[in-house]
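Down below are the structures I want you to see.
What follows is a pair of complexes built around chain A, which joins chain B in one and chain C in the other.
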Partner chain A sequence: MAPDPKKPAKEKPLTAIVLLDSFDQRFAPILEKSYECFGFIPLANIPMINYTMNWLLRTEIESVMLVATGKSQKYAKLVENEWGSAFEEFSVVICDGSSSLGDCLREIHNRELITDNFLLISNPSSLTSSTLSQQIRDFRKRRVENADNVMTLIYGGCENREKSVIGVNSDGKLVLYPAATSSGLIKVDKVDFYQNAQIRRDVVNTGIALCSRLIVTQFNDNFDFSTMEDVIRELLSKDDILGLNIHVDVLPQNESAYMAKDYDTLLHLNTLLLERWFYPLTPERVEVSRFISVCPRNIYLEEEDFLNTSMSSRIVLSDASVNVSLGIHTKISKTARIYNSSIGSNSEIAENTTISNCIIGKNVKIGKNVEIFGGFIGDNSVILDNSKFPEIIIGNGVKMAEIGENLENSAICSWQVDEDEFEKIVAQKIGEELYLWQLRNGGGFWKISQGKIGINMSNVEENEEEDEDFEEGSDEDFDVDFDDGFDDSTRQFYDEVFESMKGMQSMANQQMNNLILEINSSKLACNVSVDDVAKNVFAAFLALPGMEDLKELLVLIKKWRPLFINYYKSSDSNATARKLEMERKCQIQMLMAIEEKFDKESANFGPKCAKIVHFLYNDADVLDEEAILEWAGSIDSGSKLRELMEPIVKWLQEDDEDEEEEED
Partner chain B sequence: MTEGRTEVEDLKRNFVLALRKNTKRPSSSTISMNVINFLRKIILVEKVKTIAELLASLHNHAKFLSAVEPTELIIINIVLMTSKLARDELNKKNGNGNIRAYDSLFTLCKPSEPTDMKDTDMKKIKKDLIESIRELTIEIDSCRESISAQSSDLIFNQDVVMVYQLETSKTLYSFLAKTREANRKYRVFNVIPESKNEELNDFTSSIRLHDVASKICETTKVFLTCIAVFPDGSCLVPAGGQSIALMAKRHSVPVYVLAPFYKITPFFIPDPNALNISQRTNMPFEFSAKSAGNVEILQPAFDLLDSQYIFQFVSNSSCIIPAHINRLKEDYYHPEDIALY
Partner chain C sequence: MRDLQGVLLCSGSGSRMKPLTTPKCLLPVVGVPMFLYPLSSILRAGIKDIKIFVRDTNEPILKTEVEKSGLLKQFNANIEYIKITSSHDDFGTGDLLRHYHNRFTHDLLIVSCDFVSDSSLIPFVEFFRAYEATLVALVDDNCANSPAPGPKVKKAKATDLIAMDEETGQLAYLCGDDDFDGVVGTEKFVDKFPKLSLTSKYNDCHVYAVRNSVLQSLNKNFISFKADFVPFLIESQFDENSTTSCFAYRLPHENGTVTAHANTTGAYFEVNKEILKSFNRLMPAKGNGLTFNYRTDKIAMNDSRIESTTKVGKDSVIKRSVVLNTCQIGEKVKLKESLILNNVIIGNGASITNSIICDDVEIGDNAEVINCIVTSGQKVAAKAKVQNEVVEDDDDGGWTDD
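What follows is the complex of A and B.
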């Protein structure tokens, strides 16, 4: 419903939609058998959802809709019990079986729960010190000015740790947004510079968005949208058709806002909270029924009972320790040094241990001379004396033993991963009740940029090396990709096609129609050109396992002929000239794929080249003679491939002449 | 009401939440009014048989609230005042209402614990207590007015007055406004911290904290607001107040502190640092990316101002020298209640 422009002053307060869960599987090691629900991960020993509710109290929001999956139903009830009375309206929406933000919003749409503009908090760790009053006012003003201003994204004025960039024009309208595969790169056209697009890296996404009802409709219309980014990309790419505008509101420097997306940002957020950047949102003033006192150097002590609280600061930690939150009954040695960490109740830390940037659970025992620089340690875990870890993730109840393994990019848990539920994680047993969890794609749990496991790309396995190259590339001071060459979406397309083919190859009943459908959907998803499709389909085919053997390759070509016919040749005999021209281009791309493969591994592949081309022309009848001749003519004259192709070319030319003669 | 909680607990929760809902701290008179309203509801809702139970429950709530909001001493002050009122009601009933609790002989004839009063009609006492609480609210309400009324005795023609953070205190504002109504001609310097924006005002000239040193020579009187006054005559003032007072001391300028009676805290705080919350740092959020966890930035909310820097407290009844604060607390609190904290 568009707001009535006649009386903008009398606006109904927005409804807040708060998600209680995160759908990122990288959090599985600390959620499963532990906090279970993302919103209940403690920051400074207080479940993060309580911070969210607390800052919402200071905004104009009067009605809150808490959205949770079926799994965290009981946690949603806990939140309702705690905060229900603080808002005029508080409802819990359980979206059973949802696996993404998109699923949840579709469910909400289907139940017709949204009737007006709303404030979306897509991650319970989205925190801000602001009341957002100015931002909400601006949003309403924009809505009145133009009903097509459908969304305002709230950004914090701080450089983000993923080094992602956005492009904003002078009115605050979002014009450039990075692609799903690389948050640090955006494509800039000349026209963007004419329109005064500002490329900004000094902002951080807060996960807070002011939306009109249309955003939910977008999710509903596109059943494969799972995250907000999908909608943003859709609206930007179809700007000329839909004409909908997204605005970006960067909070002023005296307001803080942040959101945790991975372990790295989670620990950073913990430190920011302990350092009181979000004042008046501070750990001691969040939960009504807990008693936390603040001592100098930002040390937070929790008391079990309010009768014991004293009005004097106690000294429980060494002088060197700063920014620490301690739960009740913690036993910390006076010689331990603790920085920027929160430690759960009943935990013990022995002498000479150094802990920095950690979130430590309850009943954890940490030995002497331990050094941990960054880490997440689950409840009831034990860390041996003299251990040293950089960035570590330890699940619940892990009794650490001496481990020879390299712990980089992995998490340690005391149970085997349920691979049906978390298909992106593999685990290997490394000791008594010790399992090393790793991401299937080889990426790290720690940072999102270390290996994406976005939910919508279930059949994408990213090439880790490639990704790291990207990282290094984007670490450079320039983040804008001017290069139109082998860009990222093509790479993604290639990977997806390769996966689909691999899957098909392993199946007994090989239905080409299904494969074609899969490839087509990948093509749409990655938005690649026809040429790229033609080239990469065959390149992926050549890369399939078992294709080193020529015989097998030829057999498979024959078997998969319908696929190639579909992409390279139409069976339609009276096709138009234009269509033929297209086909020829596609076939040339196919040959280019062969050429590329030859360039890479000429020793192995070289002798087979001519045979494959011949087979494709003669037996499979996929290639046409014009295409082969045109391509062969374009090969670099010094190349060995030209030599190899010489016989075929000659033969074809002879053939041609014969035909001509016959015709004559 | 939410399941699993009693009505009293809900009242407590809502009270605390209402307090925290504010982005800026509401004025102290608003807070004290809220506390009184909260206590009135508690007294009405809770079923107690004896006055001792009533007192115990009041103290219990006070301790809870002070643990949750350790920096709001006003909460405890108001609860203690209410508890004193309850004791007075009991004494009135027993006919020995004129004994002053602080008279030294009192300890000798100290009545045994009020638990003995089984025949006491609790309903009557409750009713009277609610009535005297109502009187207390009237007193708090009129506080601003009675403090302002004294302004014409303190500010004269040709005076140059320095105040700190005028915009945060309504009492200070009405104090100055009252003298202007009386057509006194004087100048006002309003000191504002660097982080705040200048607010234009028709009768004050704004100066920054670093200009205090140069302007203090022209100043004849300094007026400060406070958060809490302790029995030894020291008080908590908004951060920055101490440096103004030190400057004033050096130039022998008298410092007055506006102190409504509900800010007088009856007990000493061994370590005022424990009360001193730090606020958000004044650094732009941009810096947090690099500095978080590496730099310690102090941004305390209050300064503890020693009694030697204070010339007089302006309370609602009269002006009091710091040494007399200890005596003044007798009017509002009962020694046995204070002993509990």
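What follows is the complex of A and C.
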């Protein structure tokens, strides 16, 4: 039970779990053959992990657990050597073969390394100027108040470049979170109005989370969870079953916090550091063992030894340059203009070149009249004169000029990608020792949300169309949903429903209520529309094993009737017109599922179509006459299916006419 | 700065107020036809040009009532009655505004006849001007409301669902709780509203200030002003290069002690009792009603109003109730939290709690009426006890709907 509130025992400081790696393969071009480990990517010429450790020192944390993959083992040792003595306890946990946060936390769980609440830094680029003391106190208070308050996510008020959205209620409880496939898309329901939710786009996740042990258990219970988002979605969608609460704590205005998730945010983080947003977390304070001095206009100069620092005036930067970090022995032309960028040691920049928002590695040579607006350039690379690039990612040792090719959503490396290791990336050779790396799914290299948003929007439009003009909209929707393979959420929903049904089928005691619950939670998790639910529930049903046999199929329809009634027909006799309309649409979706299956395997399935429809109408009483007639009217006139449906349509129409005559 | 034109909508039938008789605008609130309250609100806001939409059959009644109220002696204004013939019976508020839009030359202050409040609309109008808003809707989180007497029904959780910017009150979404259908995507909101608050605590009082220029875009699709046109205006804020801006004016608690959107029986019932606080100020022409001296009359009366044409027997106790004209209340009667309309006869020793007793009802001696609506002309027998009921003719004959 909760400890006696009168005599609060002195709380043990939290343990910090810090991940040294990012599992995003987007970073492969700059990590491979270069920094190798995400935590060692330089921000203002200092490995980012040093910032992380530095701000941790300012918090109550006394014990740090550094988690790294096998590949980063030696880097983890480096961090331990440098920072181990700064904390009471410092341990390195190597999770060999891990490819996600989930893998790492599962490993930690298996080794029983977590015994209490902990602070999770899921990405070493999570930086904050705050000591988090208030946030940790509030977290503890919430834990005491209710053991089901399992996690607090720390959000900061920085510029939200991804336009991510969350919904929180007045107690700071997280109530809305976008679905996996739709960044920035939240749908609100009545209940969100009742509980006074706030939809916020003005805050960003800092990647810092205060967690109870239960969070690790969640990863352990669900082997397919790889990121924190998975857990958040799971807890939210099963709120009514699990009853676990996630809270969001937004840092006060005077504290900054940020996390790099992709190149866009990484460069933004670099700029924020150069602009000293995280004060007292600034480059010259973090790296006290190196000789870094700050000059006006936020220009950071590094020298080899103390004696030289006073002579740093040997570097003359153009007056226009601001927010620049220069490594040792850099040679910058007086006419070069540099903004918001850090430049590694021994690099050279020639005349009349403009560099803005860049991280440039060591020994890089940039020619004359080059313009780069946003970029990451790996060590030992050479950029030839007169090249102009908007956002560019260049790996280690690349020698290149402007190639006239569209470099959007891609990175350039001097070697071919190892597709076994980075299965998400494809590369093509575009020149001598030049390879264009792109994401296999066509997504954005530069920005996670790139490309995705477009798809979302089009989907939304389609849905709207569907509402207005059902017939047309649904036809188009078909192509988009399945043939393009774009709409992952619908696909995922289908898969989940299929698995749930298969599980149910194998059970002796087939409880439809449980199945409905499972389907509904899949629906929430995938955020699919009512129409998609209606279509895919039946499509999944038709795909179940054993359903090739018509007799078995009909038996199961009868047996699972409560399920179909739930999704396609209400037992409510005085349903409103609107409700009936909805039902009719759902029933049409059911028929669409049949039509789709027919299109795929007309030979086997064809003869059964009419019988299934008839059975659903006559025996199971799931379908209504209007829905069948409307659907049948929409089938292509040349389709064989139309021919097959002809008898039923005729029969229904005759029935209709009979009735009318009787009425007359 | 140009003045606003006032529009008072008195043509509604009051479909949510069964079993009370229609039309809604003439239902008495403390003996005063309801529509006079919003009319007084418009007049107090200093508006000189007022259009009242009224059904042609009711127009003479409204005219006499306005005359009787003495409001026009207090405020100088020009009232035009726009008569709606039965052929336009099915017109929604949107239809009305479209059909008569040539009568409107200025920005409009549109008020529904069920807005009963002692608050001042001047800050509301100033808010509209200051923000140069296209539309401002008056919302209140403290509307007088209570469950209607009669059979217990499940109470609706909220009346309006609103999404807005907490600081400015700019609206992103406004929808009646009943009209809400399915989930709403927020992707279009978030660009304009970095921090969007969803709430259900406010009640849209159907008081709107709207730019004359947008009335042009009223077309046949907008049947109802609230359910069709307001959402359209809010939606059009998200169009590219849109100059539209829609706000909610959240009635501050210091502006007015009583506000009600009396479009349901419950709200109507409650506002009758609530508005007593400010009644003398709002309707000075009505006088004070009966007063008693407990020592001499042996009648205890608290927070109530009894019209002077009514007789009350001794040893009666009257708390937080309203009794209208020419009633006869016997001895030792207990009236609590109730609304007694005209010509009601209440027998000795009867007890009436939290009920509405309509015109011409007779209540026998020692009868007990708790949480009921007794409709016109009904009789409650002596010693009878009725609770949580609507007392009406079996064949529904005592009540007619328009």
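Convention: the second predicted complex is superposed on the first by the 436 of 664 C-alpha atoms of A that agree within 3 Å, B and C clash if a C-alpha of one lies under 4 Å from a C-alpha of the other, contacts with A are read in each partner's own complex, and residues count from 1 in each chain.
The working rule: a contact is a pair of C-beta atoms (placed from the backbone, for glycine too) under 8 Å apart; a residue touches a chain by one contact, two chains touch by 3 or more.
These numbers were taken from a predicted model, which means no experiment stands behind them.
Peer 1: Based on the superposition on chain A, does the combination of chain B and chain C result in a clash or a fit?
Peer 2: Chain B/chain C on chain A - fit side by side.
Peer 1: Could you tell me if A:163 is touching chain B, chain C, both of them or neither one (first, second, both, neither)?
Peer 2: Second partner only, chain C.
Peer 1: Thinking of the overlay built on chain A, is A:54 touched by chain B (first), by chain C (second), by both, or by neither?
Peer 2: Once the two structures are laid over each other on A, A:54 reaches chain B alone.
Peer 1: Per the contact definition in the header, classify A:544: touching chain B only (first), chain C only (second), both, or neither.
Peer 2: A:544 sits against neither chain B nor chain C.
Peer 1: Using the touch criterion from the header, give the chain among chain B and chain C with more contacted residues in chain A.
Peer 2: The partner with more contacted residues on chain A is B.
Peer 1: Name the contact category of A:189: first (chain B only), second (chain C only), both, or neither.
Peer 2: Touch status of A:189: second partner only.
Peer 1: Tell me the contact category for A:202 with respect to chain B and chain C: first, second, both or neither.
Peer 2: In the superposition, A:202 contacts both chain B and chain C.
Peer 1: Could you look at A:298 and tell me whether it touches chain B, chain C, both or neither (first, second, both, neither)?
Peer 2: First partner only, chain B.
Peer 1: Per the contact definition in the header, classify A:113: touching chain B only (first), chain C only (second), both, or neither.
Peer 2: A:113 sits against neither chain B nor chain C.
Peer 1: Chain B to chain C: minimum CA distance in the overlay, Å?
Peer 2: In this superposition, no C-alpha atom of chain B lies closer than 11 Å to one of chain C.
Peer 1: Intersection of chain A residues contacting chain B with those contacting chain C?
Peer 2: On chain A, the residues that contact chain B in one structure and chain C in the other are 160, 202.
Peer 1: In the complex, go through chain C and note every residue touching chain A.
Peer 2: Residues 157-158, 161-163, 166, 177, 180-187, 189-191, 193-201.
Peer 1: What does chain A use to touch chain C in their complex?
Peer 2: Result: residues 160, 163, 165, 167, 184-190, 192-194, 196-202, 456-457, 460, 530, 578 of chain A touch chain C.
Peer 1: So in the complex, the part of chain A that touches chain B is made up of which residues?
Peer 2: Going by the criterion above, the answer is residues 54, 57-58, 80-81, 84-86, 129, 131, 156-161, 202, 251, 253-257, 268, 271-272, 275-280, 282, 285, 288-289, 291, 293-298, 303, 306-307, 309-313, 322-323, 339-340, 356-357.
Peer 1: With touch defined as at the start, can you tell me which chain B residues reach chain A in the complex?
Peer 2: 1-4, 10, 12-14, 16-17, 20-23, 63-64, 66-70, 195, 269-271, 273-275, 277-281, 284-286, 288-289, 292-293, 296-297, 299
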